[in-house]
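Below: a set of structures, written as structure tokens.
In the two complexes that follow, subunit A is the common piece, with subunit B as its partner first and subunit C second.
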Partner chain A sequence: MAETTTTDSVVIPEPVTTYDDGGRKQPPPEKAADVRRRTLVIVSFWLIVLCLGLPIWWQTTTIYRAKLPLDEMLDWADGRACRPVFPLRISVEANDLQHQEAQNLVRLTQHALDDLNDFAGHHLRLQLASSGRPSETTAETDEDDTSALTIRLVQGDSTASALHPHSPVLDITYPPNSIPTQTSSSSALASYIATQLRSTFAEEQAIISYLLSTTSSFPAEQRPQGLTPEAADALAKRTTRSLRYSPTYHLTFSLFTGGHLPSSWDIEAAVAEFMKPVLDILTPIHNFTIDTQIQLYATPGVQSQVLNKEDLSSFVNAAEWPLSPSIGGAPTVNFIVYIGNQTIGLPTAEQAGSDGATATSQSWLVPQWGTVYLLPLPEDKAHVSASTLKQPLLTFTSHLLSLLGTPQSGSLPLRLSTLSRIRSADLLLRASSTLGSLARLSLALPSISIPSSVADGVSKTMSHLRLACDTLGTPGALYHARVAEEEAERAFFEKSMVGQLYFPDEHKIAVYLPLLGPVGVPLVMGLLNELKAWRKRRREAVDNGKAKKET
Partner chain B sequence: MKLSSILRLPAVLAAVLLAPATLVAAEHTSNWAVLVSTSRFWFNYRHLANVLSIYRTVKRLGIPDSQIILMLPDDMACNPRNAFPGTVYSNADRAVDLYGDNIEVDYRGYEVTVENFIRLLTDRVGDEMPRSKRLLTDDRSNILVYMTGHGGNEFLKFQDAEEIGAYDLADAFEQMWEKKRYHEILFMIDTCQANTMYSKLYSPNIIATGSSELDQSSYSHHADNDVGVAVIDRYTYYNLEFLETQVRDINSKKTVGDLFDSYDYEKIHSHAGVRYDLFRGGAEAARSRLITDFFGNVQNVEVDGSKNTTLEEDLLSLSRTIAALRNHADEEEAAALKANETAAKATTDGRQKMQFAKPLTDDNWWTKKLFGATAVAGCALLWGLGSYLESPRA
Partner chain C sequence: MRRFLSFFLLSFLSFCVAASDYHEQLVLRPLPLSALLASFNFRSNTSLSAFEAHNYRFFPRSLGQILQHAGTRELHLRFSLGRWDAESWGARPWDGAKEGGTGVELWAWLEAASEDEADHKWLTLTNALSGLFCASLNFIDGTRTTRPVMSFRPEGNHPSSNSTNMRLFYGVLPREVVCTENLTPFLKLLPCKGKAGIATLLDGHKLFDASWQSMAIDVRPVCLPGEECILEIEQTIDMVLDIDRSTRPRDNPIPRPPPGHELKCDTSKPYHSDDTCYPAEYGANQQWSLAQIFGRPMKGTCPLSDPKIPPVCLHVPDSRGVYTSGGVETITSKDGLSRCFKVQPEAEFDLVLSHVETEGVAPPALAGSIIKPETPSLYAERSFTGYGQERGGVQTILRNPSPDKEVEFVYMESLPWFMRIYLHTLKARLDGSLTEQTSLIDEVYYRPALDRARGTQLEIRMRVPPSSTVFLTYDFEKSILRYTEYPPDANRGFDVAAAVITILDDDDDAKSTPGGSASVSSSNLRTTTLLLSLPTPDFSMPYNVIIFTSTAIALAFGGMFNILVRRFVAADEGPEVSLKRLKTRLQTKLGGLFKKLGKAELKNE
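Let's turn to the complex of A and B:
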């Protein structure tokens, strides 16, 4: 057969065996070297596909998912990683007393306090101030000299107490005979101090316990019991009213008027005079930026002369008044002065209870949004002086405090330190729950990519959370909680963690088929042919061997 | 996705068992609206008109522009084919110009993409995004999500170029829920086979409604012969009719259930669907929600009683004194700080170190090295193979 085909172009074919059934001529047999070369070509193609193509495809199409410490994150979210406790140090200054007596009093008061307290997360720890009396307590006070409140015991005629307005000091006077003796196990003065302390911190305690209870993730034993429905209601209202924490707020003061007058106002001076002091003392907790505007010919959403409560919610003409400047990245608090002689008619029943006579008011607060103040002015007045703005701005100031979530009772320094503690607890819980959300999300969406910056943010969050948790009750906690919350938010809202996650199978086929079809078919067919040929050769070889043996 | 609901179950159970009062009492404090038209080109005029009509409605009921996210993929008002330049009408009587002179479009033209939509919902945006284009909601926000365009079984087409799947939408809502970005959502969609789009949702507190069932088209209501194209879809038209006639202002007491009951096959020509099962409290609670809970801007204002001026003035003078005292203290502190600056430096160093507590690049470094080595070895192998094959053999 081989001999005939070498000269196929010349020789007229004669034997039937060299033809196919169709009468077509067979190609010449391949050389052994060609066969081997073809095998090598096919093998090398397959090697490239398997060793180079497949890893590259795998590498380029896998979604990068940074390892997240999921268990730890969930621990934080479920409140297992941190027991939020607020050990508030209260130092007692009793310079008139003997050291022994004072210590005894402190011990008794502490007992009385512990008996009164029913919420483990928030407890007051008394200690004797070291001033003037170096003793064994100094070591402890040096360690953490940040006491939330100082009790100043002064000898007087009768038992009385007063909060110092300028600093966190509770002045208590006591008659000289009320000092407990060394042996007595209870004392009227001690329990009096305890009750006073308790009532001073009652609101803070209630707010924090409410915060913990609304964050459902915290275990039940950490929650306070016995919150009355009214108290819970008031607390819910406070939560509704107060803005979400932000390190900076943008205050917008707007003057709206129905006509063309007044066209100027002395807002800068008024703010400096009536609001700046309060903003200044808030600086450790918040920063503020301010802008102002005047809008003429502004019609309110409601035209009637006497506004009732339903009207108030549509008084602000959101469609036409330019109220959200979105300057910078800070949330805006709106303070609106509307020049007009409308009055607010309150339901009489509500009013009769409080003070009867006046059934009108000038301003109202919109939760999480700001305040509107109606300012009646003579019609021809073109300029609003700073003194006219005094009342509106004082109202705005007190509303700002309540919008920020400042508690209502107590002296101002105490209210502020309470605010910072509440906010640090709030931020701590928020950051923890964000961690939990991220952990659950990364489990639930297996095809979402998690860049390493997220893991980085998570580890930063957790280290700051740990620090915040350990220092709760001190001013440093707010800083750490704030950083933790920022990092947690940044990790959760990582920009690249988005994309279409779900691709139907049809889409995948549509993407891969045009590529893999033309390339894959020759590859697979080549391999199959080669395998077939190899098996045939082997069988022939075996047959030949058998034939040889037989002969 | 199942996993998350399982994981959340204990928490939800605990919440239900332990704090029922607080959960029930929680109310929403802000209203947001996300209004999306997804189709471009002149013949899709009606989708733009749909979305603008809803925009007018929510604005009429008090939601400010800063809380409305409006996505318009094309500018019909300025289309050269528009016989009434600068206007968009949703009715052949052309009584109300929907475009008007007071409209704030947040995403326009080619910005309307699936990615931007999902980014908007999940708030995964960069720092460059202005606040007005973000959905800055929290766990007290009610959101109205209205979408219209051309859709099919479990997808909605964006801009003739891409599509959002029902799964992606469901995952986006789940991420919002997970991050406490909404209180309740009313999801409305007007497209062909619209009801399939909400079939995959699995996050709680969502009421969903759509214009048509699987394999049903959503039809346009009527055409304006002068504009030359259909101006509004049926489902949206009858929704609007209800909202215009029954919900006159923010104090309306009409409920979501009333709106859903007004849907009629005779009018809409397709079976409008409603989904309540995700809502806490089921159909009954969902149906009893007021229309204005989603379409209006609810503000529970607190009116001040008569003023107690002295108290506020006290507060002011107090703050002044405290600020002065604090300044004084700060100055002293600063002086003290200067004295031992080195100590301060040491502490800040410690703090900085703490921030990089966990270097996360180590394993990456090794994989990179390994990768490089493999590549080099592969090349060498190839070269060796090539030269082996090339070499003449006897």
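Let's turn to the complex of A and C:
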């Protein structure tokens, strides 16, 4: 059998006859049927490998990845899917005015408001309350309405305004001559009302614009401009201090004492008296469970008599004090009364300005955790009465409001309705960013498996986000945002996804090489030889053809 | 004697309940062979209404909210180490009611409307307790949980209205090693936190160095007629310390043989001389002090406890001298077998038990130095029989030492699912006779195992006649586990939980049924855990299998493929395969390469 070796360019025909001396004989020429059969054998082997082996291997080794709507998820995260808009409806009650006059006043005020407003996300929409309604609107009837605030216009001697302390009502008195005429394009009363409204909602606006600005993904044109760095700073402080939203909070009241006295307290009565009213008002937004405990022989983390600012963070002896969070999923807010005569060294006067709001000389607030109150008591007192607990509990109540992220200005009902709007915006943004993280994660780790439950959660999240986004500013939004956030978190922390299968490449080699090496080498070599023989046969055929032509 | 004691305890308990919400007591009892039993008992109460309102005073909040979250009505948790040597130490403390088998044991009555809810609550409970006590209780899953039918009875008083919804779960982790990380949360549950009172004596180094120790937590509701129901948490630590071991100095803990002149010898032996010595059993009358044994003195009393109850009691005969630190009031009991000490609230308390002088060795002197331990009502030991990797057997030897009283009890085994027992081989026979006695077994409750889902539960109500020994035997088959089911260090073997023996007392039953609410005093006994060795594979097996099958496939495939594809010619017809030919081929190839290179260089020039 003659052999040819091919190099890159030159084909050197081997001098076959050199070796053909002596007894070496040429094998008899191969039968054409044999050659064809060999080709068929090799082709069929390769067909089996390619058509059966490869698909099976592919089927059995692929990781299940449910299809996620990645583009939509990223849209949510980047703020393209939802433009958070808070259309706040404000109804105006002006029973003393003619309908025409009132309409005009409302129109002018709306103009003035629109001129004042620089932030598109927060709209105040005025509307005239239907005149058929009685003027003595109580807080209860207002609740079911979608209006966030009612302006009650009453004729009086001079222009003045006052927030109703127990219902979301802004009383405005005006002198009779200040009603704008039909034709006038501006009015002092209208701009006065506009300014009043704006100042009422200034804090809410600032917080929402801060929330939007911290979510860096939102496009720049949607971000509000009017936030000064100082205001942003203060808001950042308040936001980091507040707890994550949860429908239920566990409140734990603990009495810690260094010795064995006192060993009992009237906490139940004290809570009922000083804290319960506020908790009751908060019920539409949060539920609270309360537990109390007494811990004796508790040594604080810091022993010094005067605690300075650095000591406060290590005062709570987390290793020894049984302050384990309550079970049941909801976050725990800790309120600690420590019996001791330690005092807090307040910072100097100019620093006190910024911190004075939270740190009195006896208590301090631990961000996202709770409050510690130092209560000095005579040594031999065995029982702490409810009246002694009044000051601590009032402190706890105000700290609870700030831990929940309630705004600081305005009347209580207004603050609470603002709180629910802020919370829904916050949850919406959180859920969106979780979706974005999930999308980025699934893009970044192609080997991670995505079970169908994740896809399920994502679709649920998105439908609830859509609902929440459409109803922003109403109570329903809070519910939808809450569900969306829960679902997003569950999808992101899916167990089977987090514990992704780690199968290093060395192991793959260890499994594949022993099998594929011995099987693959004969297969590949057979194919190569066959190809070579085929090329040779073709060349020979061509050569023969040429020779025939020449002859 | 036992009945009298339990009656005394009951009345004592009711007195306590009325007097104070917190109670603690340490009972010291020297045992033969230089052992000392120390029983710590702490009990706090809270009214059920305060508990349900989440107001915790002496009841620990961390445990309380777990109980509420999991709907637990009664809870018993045990952490134990070592073996109670019943032959020399006698009856168990608290009649064995406050001890567990080696490892962790948990049983609880949960209130649930349906089975699913109950299972879910049990899961919640084990997971939450696991976090609280830093133990692997979360590994108590379906395979380690049983629902005993005859063995456990509620200790508390449960109003009959909800008793139908109460479900008993029993889980056990025999492999768990109890250590300091379990003691710390245990002490945190106490109102005085180990900072005052008898709890100051508890130190992880000494406790876990003991020959036997058991930590117990019992939570049960107690309703006394005419009073508000209370929830009682009782924490107990029982430990048997080796006096020699624990009095060893801390800076020099390595045991060294005492010099010859300090050896205590049994002079009554005939071969006793200057250079031969038979060590005398002197441990019992050794001198020791509280500070020596526990490493530190006791710091006052816990001010919350009832001042009328002495915090420390010592059970030694009157004849033995005891010295205490100042300001301590000693109360001697009338029978002359125990004395109790009332301690100043703030003062440190120490106690020295004096050495008993003996001339030579004299058994009567020994009897004077300690109180002879009570004989237990039943001895039990359990061991594996058989050989090989496929089958095995379990033999439990139960001995009744009483000359005239028959003992009736429930023997409970909760076995892992990979130990498949053959119930037909279950036999009980009396010592001396070779045939089976069916009359010994009254009742058998058997719940067979399901592979990987639940374990075997076997409860046998049986009796042992007076002064006789019963052999209870059965055979089992060892199953082969899946590759991933073997724990780390699989060759060590698998722990099989202790068998629980509940001794039934007819009189107690009769007494408690008419009253309807009296708490049932139970008398328990646990065998040691067993170490079952299963057929263990070589864990490099998967790779061996891969390589082996690959080789086989490669051999078969390569041969077949070559036969199909190769052309066979005569040896002198094929291409010559020799070293010479290889050389020439190489040379031609290299020559061609050099030629090309040379040409390229010429072109460049």
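The definition used in the following text is that the second predicted complex is superposed on the first by the 417 of 551 C-alpha atoms of A that agree within 3 Å, B and C clash if a C-alpha of one lies under 4 Å from a C-alpha of the other, contacts with A are read in each partner's own complex, and residues count from 1 in each chain.
Quick note on the criterion: contacts are C-beta pairs under 8 Å (C-beta built on N, C-alpha and C of every residue); 3 or more make two chains touch, one makes a residue touch a chain.
A quick note: this is a predicted structure, and the numbers were derived from the prediction, not measured.
J.: Is A:Ser324 touching anything from subunit B or subunit C once the two structures are fitted on A? First, second, both or neither.
T.: The answer is both, since A:Ser324 touches subunit B and subunit C.
J.: Contact-wise, after the overlay, does A:Thr397 reach subunit B, subunit C, both or neither (first, second, both, neither)?
T.: Once the two structures are laid over each other on A, A:Thr397 reaches subunit B alone.
J.: Using the superposition described at the top, determine whether subunit B or subunit C touches more residues of subunit A.
T.: Residues of subunit A touched, subunit B against subunit C: more for B.
J.: On the A-aligned overlay, A:Tyr297 touches which partner chain: subunit B = first, subunit C = second, or both, or neither?
T.: After superposition on chain A, A:Tyr297 lies in contact with subunit C alone.
J.: Check whether A:Leu443 is in contact with subunit B, with subunit C, with both or with neither, and answer first, second, both or neither.
T.: It touches subunit B, and subunit C stays clear.
J.: Regarding the shared-chain residue A:Asp34, is it in contact with subunit B (first), subunit C (second), both, or neither?
T.: second
J.: Looking at A:Ala484, would you say it contacts subunit B, subunit C, both, or neither? Reply first, second, both or neither.
T.: It touches nothing on subunit B or subunit C.
J.: Using the superposition on chain A described above, determine whether A:Ala206 touches subunit B (first), subunit C (second), both, or neither.
T.: neither
J.: Which residues of subunit A are in contact with subunit B in one complex and with subunit C in the other?
T.: The answer is residues 320, 324, 326 of subunit A.
J.: Would you tell me which residues of subunit A are touching subunit B in their complex?
T.: Contacts found on subunit A: 40, 44, 51-52, 55, 66, 78, 165-167, 210, 213-214, 216-217, 220, 223, 229, 232-233, 236, 240-241, 244, 274, 277-278, 280-281, 301, 309-310, 312-314, 318-320, 323-324, 326, 329, 331, 344, 346, 351, 354-355, 357-358, 360-369, 391, 394-395, 397-398, 412-413, 433-434, 437, 440-441, 443-445, 452, 455-456, 459-460, 463, 492-495, 497-502, 504.
J.: Taking the touch rule as given, give the residues of subunit A at its contact with subunit C in the complex, in rising order.
T.: Within the complex, subunit A contacts subunit C at residues 1, 3, 5, 7, 10, 12, 14, 19, 23-28, 30, 34, 38, 41-42, 45, 252, 260-261, 263-264, 267-268, 289-298, 320, 322, 324, 326-328, 510-511, 514-515, 517-519, 522-523, 526, 529-530.
J.: Where on subunit C does subunit A make contact in their complex?
T.: Listed in rising order, the residues are 53-58, 60-62, 65-66, 69, 124, 128, 131-132, 188, 191-193, 195-196, 302-304, 543, 546-547, 549-551, 553-555, 557-558, 561-562, 564-565, 567, 569-570, 572-576, 581, 585, 588-589, 592-593, 596.
J.: Touching residues of subunit B toward subunit A in the complex: what are they?
T.: 1-4, 7-8, 11-12, 14-15, 18-19, 21-22, 25-27, 29-30, 59-60, 62-66, 102, 114-115, 118-119, 122-127, 130-132, 136, 138, 140, 164-165, 167-168, 171, 174-175, 178-180, 249-251, 297-307, 309, 311-313, 315-316, 318-323, 325-326, 354-355, 357-358, 360-361, 364, 374, 378, 385, 389
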